[in-house]
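Everything below concerns the one structure shown next.
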Amino acid sequence: MDFFTWVIITAGFGMAFGSLGTAIGQGLAVKSALEGVARNPGASGKILTTMMIGLAMVESLAIYVFVVSMIILFANPFKDVVLELVAG
Amino acid sequence: MDFFTWVIITAGFGMAFGSLGTAIGQGLAVKSALEGVARNPGASGKILTTMMIGLAMVESLAIYVFVVSMIILFANPFKDVVLELVAG
Amino acid sequence: MDFFTWVIITAGFGMAFGSLGTAIGQGLAVKSALEGVARNPGASGKILTTMMIGLAMVESLAIYVFVVSMIILFANPFKDVVLELVAG
Amino acid sequence: MDFFTWVIITAGFGMAFGSLGTAIGQGLAVKSALEGVARNPGASGKILTTMMIGLAMVESLAIYVFVVSMIILFANPFKDVVLELVAG
Amino acid sequence: MDFFTWVIITAGFGMAFGSLGTAIGQGLAVKSALEGVARNPGASGKILTTMMIGLAMVESLAIYVFVVSMIILFANPFKDVVLELVAG
């Protein structure tokens, strides 16, 4: 049963730590975008485009963690093995 | 069973910590790109190209972690050995 | 069985921590490259070349960790020894 | 068996922590090189030479860790001693 | 057997932490050298000489750790004592 307990803990906290860093990274990016628009409003279109591309790249890192969490929860390759071990 | 539990924990938290640092690294890069576009909108094309190359290099680090996580989950070289040890 | 458990933990978390630092290092480099292109777009070719050399050197550090992880997973020199110890 | 377990842990995490610091060090060096090329593109040749020497010195530190990891994995001087102790 | 286990852990992690700090130190040194060459390319010869002396001094710190790791691994002065204690 430890196994299933840790599956839940890992999916939840893994996603949490993964988005912790990702959020700091995106925060740094948005912060600069806002400072940039404030300093040079005429360039706001270009700044917005660059920000979206950058944020999408950072977002992809959080998506990797999300994919691993979903695999662990819904397509766990060790579920059957562990169930047999417990049953046997 | 400890083995399978730790496989899950490692895949989940490894990916999480891997993207934690990667996201901060990419955030630093995007931050500078945005400051650069704000200060010098005329160079936004060159800045965007440079940013994409840099982000791709950083992204590769997260992909290494993703590959190791996937190997651990779906092509675990020690799965059979451990199952035999448990069964025997 | 502890042995196989820790092989997995080491490969996954080792790669994670290895890319955590490497990503921050590369982020610092890309950050400066982007600031440089913004300040002096005419030098973007030279900046890009220098950045690629620098990023490749930093990337090599992550590749060392990746190589050690792969050796531990797929060419583990102690696998047979441990299996004999467990069996005997 | 603890011995073999810790050999793996040490090789993997040692390499990981070794490249964590090395990568930050190289990142700092590349960062300055890029700022230098941006400020003074005419000196890019001299800056690149100095950067390569510096990066090679830092890289050597990661190579020391890699050498120790490889010795521990493939030329472990205590392997036979431990095997005799376990067998005897 | 604890003894041999800790010999390995000490050699590996000692080298890893030793180069972690040394690498950051060298990175700071190279960073300043590069800033200096960029600001005053005419002094690049003198800056390079000074940097090499500085890096060699920092490198020596990593070499101390490397030497201690090698002594611990290959010329361990307590190996025989421990073996007698285990056997006796």
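Every chain is named by a letter (A, B, C, D and E) in the order it is written, and numbering of its residues begins at 1.
What we mean here is this: a contact is a pair of C-beta atoms (placed from the backbone, for glycine too) under 8 Å apart; a residue touches a chain by one contact, two chains touch by 3 or more.
For each chain, UniProt lists the protein as follows: A, B, C, D, E = ATP synthase subunit c 1.
It should be emphasised that the depicted structure is a prediction, and the values quoted were computed from it without experimental measurement.
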{"item": "If a chain touches chain C and chain E alike, it appears here", "value": "D"}
Connectivity without chain C (remaining chains kept where they are): A, B | D, E
{"item": "Of all other chains, the one whose Cα centre sits farthest from chain D", "value": "A"}
{"item": "Rotation in the CA alignment of chain A with chain E, degrees, nearest 5", "value": "95"}
{"item": "Whole-Å separation of chain centres (CA-atom averages), chain A against chain C", "value": "20"}
{"item": "For chain D paired with chain E, centre-to-centre distance based on mean C-alpha positions, whole Å", "value": "10"}
{"item": "Residue list for chain B, restricted to those that touch at least two other chains", "value": "2, 7, 9, 11, 13, 15-17, 20-29, 31-33, 35, 37, 39, 47, 51, 55, 62, 65, 69, 86"}
{"item": "Touch-based graph of the chains, sorted into line, ring, star, complete or other", "value": "line"}
{"item": "Chains grouped in pairs wherever the two touch, ordered by label", "value": "A-B, B-C, C-D, D-E"}
{"item": "Partner chain B, residues of chain A touching it in the complex", "value": "2-3, 6-7, 9-11, 13-18, 20-29, 31-33, 35-37, 39-40, 42-43, 46-47, 49-51, 53-55, 57-58, 60-62, 64-65, 68-69, 71-72, 76-78, 81-82, 85-86"}
{"item": "Chain D-touching residues of chain E, taken from the complex the two chains share", "value": "1-2, 4-5, 7-9, 11-13, 15-17, 19-35, 37-39, 41, 44, 47-48, 51-52, 55, 59, 62-63, 65-66, 69, 73-74, 79, 83, 86-87"}
